Structures are given as structure tokens and as C-alpha cells.
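Got some structures for you, see below.
Shared chain: chain A. Partners: chain B in the first complex, chain C in the second.
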Partner chain A sequence: MSAELEAEPTFVDKFPEEARIIRAAMWGSFLALTLGAIFGIIQTLHRTGLARPFSSVDYYTFLTAHGVFLVISFTIFFLVGLFTWAVVRSLDRPLLNTKITWTWYGMMAVGMTMTGISILAGFTSRIDMSADVLFTFYAPLQAHPLFYTGLVVFIIGTWVAGADWFRTWLAWRDENPGERIPLQTFMVLTTMIMWYIATLAIAASVLLFLLPWSLGLIESVNPTLTRTLFWFFGHPVVYFWLMPAYMLWYTVLPKIAGGRLFSDPLARVVFVLFLLLSTPVGIHHQYLDPGIAEGFKFISMTNTMFLLLPSLLTAFTVVASVEYGARRRGGTGIFGWLRALPWRNPAFTGMMLAGLMFAAGGFSGMINAGLNINYMIHNTIWVPGHFHLTVGTAVALTFMAGAYWLWPQLTNRPLYSPQIGLAQVVLWFIGMALMSNAMHAQGLLGVPRRTAEPEYAGFEYPMAFGGFEELNLQLAIGGTILFVSTVLFIANIVITSWSPKASGLARPLPPALSGPEDAPKVLDNLRLWVGIALVLVFLAYALPLAGIISNSGVFGTGAGTYPVWIDVPTAVAERALAVVTGVTATLVNAVTGVFTL
Partner chain B sequence: MHVHAYEKLWLALAIVLILLLIGSVTYGAVGPGIAMVADSQDPVDPQALDEDDRFAEPRVEQVGEDEYAAYVEAYQFGFDPDPIVVPEHSTVTFYVTSPDVIHGFQVVGTNANTMVVPGEVAEITVEVTEPKEYGVICNEYCGSAHHAMEGTFEVVSEEEYEEWLDENQDGDDTEGGAADEDGEEGEDA
Partner chain C sequence: MTVDVSRGGLLVGLAVFGVIAYELRTVLDMLGLPLPLIPYMAGVFVLIGLIVWVISIKGGWRTEPRGEKTS
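Here is the complex of A and B:
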């Protein structure tokens, strides 16, 4: 009998079509990462004044592209790939109909391409189009209608993806009556419920206000209202990035460490807590907004602080699971077991370093969440310093480490170079430590975020933690190391994809020490959690939204439009109608596809 | 559901930490009295600021003994008035709005910091002490020349403030309206 026949089948052996879709999603993610990294290094050098080959006007186009491609495209394409893998693997059954799967993949790809084109067109004046609105697209700054339309198509694509996974789970449930939802599928479903609730607000903001406004159909919007709807979505989206990383920490990291997850029930509790708490906190991004009463800000602050709980629980469970693995590998002593861990494995080291950085990001997050201390750092470069630790490392580095582990099982090709992989994750950690530290420190000096030229004519920054210039240098060195790290990652994955195939690459995941049978049944009652989540969202948002509307009206007090993209309502009405009809048709097709197929 | 004893301890400590954090914010609000920017001011029509009593003439105005009100317009791409001048050892309340897009208003190196949203009026009160000149910047991206949007906030001595008033307030000065002096560090908002 040949070795190949003996080897356990990999994911791609068992589910070749699903593996193809997952690879396609991840290629989308890696393409966005590549573009985002190129824009990132340009920004780092421009902002710090080390090299300014482009104009400061173009800086904002780079900044918009960097933000949108990394926080929307890179993260979410990786998520849909990983979630598809997790659902199929943990249910051990194929998706119901891969035509639907390719449909949502196509919608996401087309939507992101539309949005991407509208942003990149800002580099040339020959095309009358731009979207220099950054990833937050605060009105009354206006992007070309293509920008908003692309976002809507992309988000509807993610909705169909969620429906695809739910349907597959329902089919599995019929085949396996009475069984507990497998942990990874549970994580996918709870995360998607959170996503549906969160994206309702952004869909409303874009479809009711921003898109019609950009088409010239309505004259003005209420800037506080669209901003509030953005952050209704904008905070849970950070957990949408983070939950796939948590899934890898809970279900894959313990296995790589040589052990298994400590507690399946607590993992479920954590995901339920995120479902409940991640949406009713968005107002903490608006602590300094006029037009929102102080009491609502205080409520949002307390909810935000309680959101620390699931992350603190995760820290315990993940470390305990890793320690269990180390002890099984022969590790001993209070801290001596750390030496027994597989530090040469880039997947392991990458995830551990990502987790460590997340702890640091958690500390700066507590400062951000502190209603009154936030005055010091609001809109300073401290804030991007914070989220480059969270989404930029906890999430991004975990995804890269996860790719080192997963990619061979999706391709039957062993990773080209684990050594380069190891160097890559360590470089990311070092680069981010430098860059993020400099950003936090500059933020305390009052250096603003989101600016092409943070040096001003009229004043000098105070000195602390090293001066402004010194920190600029540190920031640029960190950013350059991060760029090199990204290049190494992409190269490793690309070369792997052309490497010869091999067998024996399957890495099955063991069940938890304390399994789902220990988890109270109520945890799997998704309807209950949806209900509570909606009640909490209602409590947190009904009064603030009512207050905003009663203060300044649904369409505001007459804010202008900057710039005006399309000015002649009647001329455009037809075109708008065509767009709406097209989108509706796609939506109807997708939805009927979901329910009838 | 089995929960390990150490995990129970960890959970308890986590909850204590959360309560301490909430407690510290609450203390900041009721102890030092740090108030939040809120909806205390009536909204305005951003394209008709010249019809609004507060912003028809951006200015600094004395409203009490050692108390000043600064009505500031943050626009693409600058601040009016500029400089904002107030006398030392005074309490200054900033009222800031925008005629165009969303801006930020931050006195650099202090906690005097707020969003400036068209249609809304941000109100923050700070206490200034010794004479000092501060930079004021827009810290929210507001368009292609965002990085050029800056101003100054000057806290000056009583004598300098009188001089400044004489120079800027007599005659038919419609531009600056009431004169002001300079300001200083934000204490609480």
C-alpha cells in the first residue's frame, strides 16, 4: 500500500470544490493585502516627511485605498474563506449548492472592484471620479455614487454568504437530529448574526441617504445621523474582523501547541457575549460629537467596558489550552513549559505574537473607551496606533499565521519555506512594535491622525517620549519592516502555490477537553440570543437616534455637498432607477436562489 | 458546565477591573467635573451662519468676570477668529461649528478637543492659567488641504490683552467683533 493511500485525506481531497472557493476568497484577500501594504509604505514615508514623491492631495487617495482595501477587503475576504472552511470542516459535509457560493463570491468581488475603481480613479484627473472620503465616508464629504453602490453590492454578497452557511447548517441539523452545533459552526453562526444586525445600519445609511444624495436625488443629509449609523456598524465590524482570529486561537492554536481546547462551553459563552455586546457600543466612537446627549455616551461607555469581559476570558482559555499542550509535550515548571512550545512553527509563533499584541491593543483600547481621558487622544495618531495593534496585528498576523497552517490543506502543497514564514511573523511583530509605539507616543503629543503633513507652521509639538522627529523616524522604520514582512508573506504563499504536490498534509483538529456535552443547551438557542441582541441594540440606539432626528431632522439643517458628484436630479433619475433595478434584480435572484434551491 | 477554579478567580478579577474602569470614568465626571461635549446647543443652518447670533460674527466675548465665550467657525481650511486671544487665568467656553464639512478642533497638547459637525454646535469649557501660545488644528480629515488647516490660541497677560483689545476692537471693526486674548490649556470640556 502506498504512503499516499495511507495518508489521511486533506480538506481539498474531501471537498475539492469548496477548497477552490476558499482559495479564491483568500486570493482576493491577499491581493487586497498587497495593495494595502504598497499604499501603507507610501503613506508612512509621506507622513513622516522622509519621502514625498506624491502630492499631499494624493495622500488622501492612498489613505482611503489603504483603509478600504485592508479593513474591508483583506479582512472580509479572508473571513468568508475561513468561515466556509470552518462550516464545511466542522459539519463534515459539503455546501448545499456551490452555485450560490460562487454567486456571493462574485457579488463581493464585483462590489469591491467597483468601490476600488472609484477610489483609484482619484489619482487621475482624466476620469471625472473620485472617492477621497476615507473608509469612514463621513457626509457631507461625498464620494462618487460608484463607491457607495460597490459597498452595497459587497455587503449584500456577505449576507448571501451568511445565508449559505445557515442553510448548510440547517441541512446538517436535519441529518443529525439532537446533536450540538459543532463549535466552529457555532462561531460562524453567532458572528454572522452579529453581522446581520450591524450591517442593517450601514445599509440604511447608504441606501436611504448617501446613495440617493450622491445621485442628486436628495439635497442634503444629516451628518450626525449618517455618522451615527456608520458607527452603529463601525464598532461591530471590528469584531467581525476579530472573530475569525478568535476562531483560530480557540480551535487551531491549541492543536498546533500539541494539545486541545480547554473548554468548548466557555468558547461558546464568549461568542454569545460578543454577539450581544458588540453593537450597542458604537457611540463610544462619538464621545466628542456635539448633537448626542451625555447620558447616551455614558451608557455606551459602560457597555464598552463590559465588552472587555469576553476578551479577558479568551486570554485565560487560550493560554490555558496552550499550556496544556506544552505540558503534554513534556514542559514543566511555572513558566518553564513555555520552552516546550513549537516556536519554530510560523503558524504557532505568529498566532502567539498576535495574541500578545492584542493584549497591548486592549490596554490602549481601555484608554480610548475612557469617556473623559479620551479627550486627550481623540483623533490623534494614537488611535491608528491602537488599531494597528488590533486589526493590524491581532487580526492580520493571525490570518497570515493561519494561512501558513491552512494553505497546504487547501492545495496539497507544503509551505514553501517555514523558515521564511517564521522570519516574516517575527518581523511583523518587531515592525509593528516600533510603528505602533511611535504612533501612540505622537498621539500623546497631540499629533493628529489622517493628515498628509503633520508638521505645522504656527507651533511646535511639546517634547515627550522623544521628540516628534525622532518618533517619525521610528514610525518609518517600523512601517518599512512591515512592508518587507508583507512581501515575504505574499512571496511564500505564491511560491507555495507553484510547488509540487505532496501527501500527508492533513491536520485534523481534536475535540475540546471539556466538550459540548458540558455546555448548557441554552447556548445553542440562537433565536434567544438574536432576541436579546436586538433588545440591547434598541435600548442603546432608539433614544439617541430619536434625539438626533428631533434635534436636526432626518435630512439635517441644510448641510452642503463637497464635492458635488451629480448635480442634475432629473437627468440622473433614470440612471439611478437603472442602478436600483439592477441591484434589486440581483438581490431578488440571490434571495430566491437561497430559498428555492 | 464545569468552570475551573482558576478561571472563576480570573473571571472575578476581570469584573473587578471593569468596575474599576467604569468607576474611574464616573469619578472623572463627578470629581474633577469633566463634562462631555453634548447636545447642549441648538442646531444651526450651516449655510446661513451669518443669520445666527452666535456665528454671524466669530469672536471672543467677555461674558462674566474672568469668563469668556469664543464663537469659532471651523471651515475648509481654517479657523475664524484666528488667533483666538484670551487673558490669563480665565475660563473660556468655545462654541464651534462648521459651514461646510465635518472638522475637528483641538488645542494641541491639551484635552481641549471636539468634533465639529455642520449643523451642530460643539461647546467645551476650559480653564487657562499662565500666558502661552497654543496651536489649534483640525484633527478630522476635511478635504484636500486638510493638513493646512491650523490656527492659534493665545493666552496673554492682562496688559497684553488690553492692548490687543485697543488695537482690534475700536473703530468699525466688523471682522473680529469682540476681541479676545489668548487661551490656554484645556482643563475640562
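Here is the complex of A and C:
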């Protein structure tokens, strides 16, 4: 280890208070991961029939807890910690006021505790409370008011967190006039703008409909409307999880590979594209929703396909950056450079395997996004198979790998065991390959998702499809390996946190090969991108939402099969045709009459 | 003989190879050659174990660091 690196201060040395907040956020995340993994293994073994210590009625409580704790709590607590690190590190200045930072952390913690209690209370009949509404908490499923209130407090906490980062950036901008926004801060700000836009819909859904409905203040809600508002938020939330993982791939992975980011401008373009395209696509989750016209679904599918572009740009940039690092380490040949990469490093290997699985998730995602072929897999276990590759691996495994790299810099304690870390990320890859493969395969057989009893009455999958029970076993083996992997991760982090302190753990990030000076200045014009994003959202959602409301009312109890105005052109065309036909018939009659005469 | 790959690289390479070998079953199934799933899965694990065993008795993997840090 060089003396220079030995003397380099770590993040916690430079910003001890911020490091404390980041550690607190990440502990919240790791606690949620532990709970989510326990609920996950119970679900896996129950559904596959291998072990059923609980009633099938409780399955929905497990399912809701698994979903909410992992995709809301684990991911978002981790990313707010990561974003705080990224803003402070890249601006090289402390947060403006850590009291505000502790306030948003407290709001998020209190909110998630309220939501968690309302879900876990479903396990006992002694408390008159339950929230078995799954992660997709739209009507007609209804939760206890505490569930919705907790979510509101949690989301407002994230809004305050975003404001905290924006204020810190504005203070930096005043101190550094004319400077380009540092890349990591740019990534945080664009992600948060997307989050503000996306969460407006879910805030409206909860505050105007679900919470008053659950409190008994209003009698009914419009299920199609709450469903549409949920998916307005429900697709961009996927990118809210994914963009921090992308940030790690863009800015940390090249460093670990021994190289530098290939292109700062391309990274900025990718984040702007995500900001613009993430929200106006949520209707692709509602392809089988009878309350939305097919035309709107087609538009949503087209927008969704555009979303492939930033992911493909990312694949190119990240692989180019990693290859550059490998060649600097002495790697040669068309593929021989792959051998020169630091595969023994769990942070590197975890992120690379996560990226590899994300490619597979992208392939199944294209099936989901296709309006016509989606019908084949809709509501089957194929869909959980897909998102366990994306959020369950691309995001979760990247976060775990990122923790292996970041945690020593937040604690001044070296990772307890890189070997266990390496085994853990490889196990996750193998476990997820098995579990997700089985889920996809069962989904193609038509096996439904979200049920403790996947077999329909009077229909036996083993009789119809010979491989069903084998796939169940494969699913259970994969799920068990994933659980073991999670235990190894948590153990490694916990033991690290009580290990002796050491020096020389700083890992400064190198500048990009093509830096911000090569990026057009317009990319930093956040107001422009906010404006365009809002216009796109308006174009994608104004007509469908107006159609739903005009069809069945704001608080209606049902919805028609298509919006009225989609019928208007058809009706006009039909009437025009009728007029033309009538006139033609009259003329023909007149002419034939003349000839007859 | 020692493979010029670090132990981490070998593990990752075998994990990826194992998944590809496992997915091959789906291709064979599509081509009209259905194979039982669990024995096939066990076979892939045994195959990977055999490869690790052969490499270890032939001299193992590269262990000296090539300048990278482990964390």
C-alpha cells in the first residue's frame, strides 16, 4: 500500500456526521433486507409445498411484508444513504444542515415503522389491524389507515431528503459559479426530479382516495383510477431503485476495475433520458385493464421500447470503462482482457454479475412490454421471475456489492471477509438463476402469481405439465440459496462493523476519460428537462385519466371498457359513412328511377 | 498446469458457465430431447465440482495478486 493512499482521508474522516447518517440509513436498509429475506424463504417453501408451518391465509401477510420491506424499505433506505454519500463526496462539501438530514431520516424511519406494524399486525387476530394489500396497494384491496399514513410520512421524508440535496447543491453552486454539476450530484438530482414527478400521483391516490376510504370518510373509490395512479408511480419507482445502481456502475465499478469512466457526457444523457421516459410508460402495467383504451396502451408500449435506449447506452459505456481498466491492468485480446479484471473483489464481481443478470431481466422485460405477448404471461409467476432479475438482482446485488466497497470508507473498518463476500455474490447469482428460471418456466405454463395455492381447482399442473413439481423444487433450491446468501451478507457487514479500525481505506474516484467539459451545457439545464418531462407525462396521462373519470366518476365503483372519446371518432366516421351511403342510395335511386322512367 | 485465472475469476467463470450449461436443457427440450430437471441440475453441479477438482489437482489457480486491492 502506498504512503499516499495510507495518508488519504476516508469519507468518514472528512465528513463524520454525514457518515453517521449514511450508516443509520444503511442499517435501516439491512434490517429491512433481513426481514424481507425471512419472509421470502417462508413464501418460497410454502408456495412450493415443501414446508408449510403457517396457514395459507397468512400467505398474503408474508407476501405484503416481503414486497414492502424489500422494494420500499431496503432499496430506498440504501439509496438515500448512497445519495447522501454521492452528493457530499462529489461536491466535496458537507450538507447545509444535518438537523434537516436527521429529520428526513426520522420521518422515513417512523413512516416505515408505522407501515410495517400495520402489515405485521395481520399475523394476529388480537389486534384489529391488517394491511394485506401487497406492494401494489391499489383498490379494491383496503389496508388499515396506519399503512397509508406511514407511507405518506415515508414519502414526504424522501421529498425532504431530495430538498436537502438540492439545497446543498445550490450552496455549492454559489461557491463555484460557472462550474459543471459534478456527475454523481447530477445523477442524484435527475433521479430526484423523476421521483418528485412520480410520487405526485401516489400522494394524490393515497391522500384523496385510499386514506379517506380506509378511514370511512368516503364510501367508495374508483379502482381503475387508483390503479392507474399507482402505476403512474409504479413504473418510475423501478428506476428510482435502478438509477442508484447505475450510479455505482458508472462511477464506482470502473474505479474498482482499475480504469476510469469512459464518457461523462454519455452518463448524463442516460440519466436525462431516464428522467424523461420513466414516467409516461406506467400504463404498460395495465395492458389487461379493461378501463383503458387499447390505443393508450399502444402509445405506452412505444414509449417503453424507447426506454431500452438508455439501458443499452449504459451497457456500452460501463463495459467500455471496465475494458479500459482491464487493458490498463495488462489484459489483452478480444476477450482475454476479461481475465485481467479483479474477480476476487466481491464489490466488482457482485456488480458485474448484477449487470449480467440485468441483461437477462431486460429480455424478459421486453416480453412484458409487448402489448400482444404480454397477454400470455400477465399475472403469471413469470412477472415475479422478471423483477427478481431486475430489482432482486440488478439492484439488490449491486447494492450489496456497493456496500462491500463503501462500508469500510464509512466506518474505517476493513471488510471482515472478502472471501465470504465473493462466495455470497456468486451464490446470489446461482440462486437467482435457478429461482428466476423456474418462475419464468412456470409462468409460461400459466401458473399464477400472488397465491399460496397456485393450482386451480380441478386442474392439476403435475398432470398437465410433467415439469411443474420439478420446477417447484428448483424454485425452492434457488430461494434457499438466496436466503443463505443474504445471511452471509448481513453477517459480513455486522462483523465488519465490530472489527478493529484500520487506515488506508480511502478509495478516491478518478475523473472520466471524457469529462464534463465534453458534455453540452444544455444537459445541466435541469429546468428544461423538468419541463419536457412534465409535458410528456401530460401527453401520456391526461386523456386516459380524463377517460377513466368521465366513464365512472372520481369516486365511482366501476369503469367502462373504453373511454368515450375513443368512440367519438368512430361514431363520427360511422355517421359520415351513413350519410354518404344514404346520399349515394338516394342518387342511385334517383338515377335508376330516371332510367326506369 | 495452473490456470492463469484468479480463484475469483474461476468461480465467476464457472458460475456463468454452469448457468449456461443449465439453460442448455431448455434448448434440448425445444429440440425434442426432454431431460429430467433435478438429475440434470445435479449433473451440472457435479460437472462444475469435477472441473474445480481437476484444476486444483493440476496446480490450482493463480493466487498471487496482480496489483489489485481486495476492498
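As a working rule, the second predicted complex is superposed on the first by the 544 of 597 C-alpha atoms of A that agree within 3 Å, B and C clash if a C-alpha of one lies under 4 Å from a C-alpha of the other, contacts with A are read in each partner's own complex, and residues count from 1 in each chain.
Convention: a residue touches a chain if its C-beta (ideal position, glycine included) is under 8 Å from a C-beta of that chain, and two chains touch if they have at least 3 such contacts.
Source: prediction; values computed, not measured.
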Partners on chain A (chain B, chain C) - clash or fit: fit
Touched partner set for A:Thr349, first chain B, second chain C, both or neither: second
Per-residue touch tally on chain A - higher for chain B or for chain C: B
Which of chain B and chain C A:Ala433 touches, first, second, both or neither: second
Contacts of A:Leu422 with chain B and chain C, given as first, second, both or neither: second
Partner chain in contact with A:Leu505 - chain B first, chain C second, else both or neither: second
Chain B versus chain C as contact partner of A:Arg339, first or second or both or neither: second
Partner chain in contact with A:Leu473 - chain B first, chain C second, else both or neither: second
Partner chain(s) touched by A:Pro408 [first = chain B, second = chain C, both, neither]: second
Least C-alpha distance (whole Å) that remains between chain C and chain B when both complexes are overlaid: 17
Chain C-contacting residues of chain A that also contact chain B: none
Residues of chain A touching chain C in the complex: 258, 329-330, 339-345, 347, 349, 352-353, 356, 404-405, 408, 414-415, 418, 422-423, 426, 429-430, 433-434, 437, 441, 467, 470-471, 473-474, 477, 505
Residue ranges of chain C in contact with chain A within the complex: 4-13, 15-16, 18-19, 22-23, 26, 36-38, 41, 66-71
Partner chain B, residues of chain A touching it in the complex: 56-57, 60, 63, 132, 134, 138, 140-141, 222-224, 227, 262-263, 265-266, 286-294, 297-298, 301-302, 305-306, 308-309, 312-313, 316-317, 320, 366, 369-373, 375-376, 378-380, 445-446, 448-454, 456-459, 461-462, 514, 518-520, 547, 551-552, 556-560, 562
Complex contacts: residues of chain B adjacent to chain A: 1-4, 6-7, 10-11, 14-15, 17-18, 21-22, 24-25, 28-29, 34-39, 41, 43-48, 76, 100-102, 104, 106, 108-123, 133-135, 137-148, 150-152, 186, 188-189
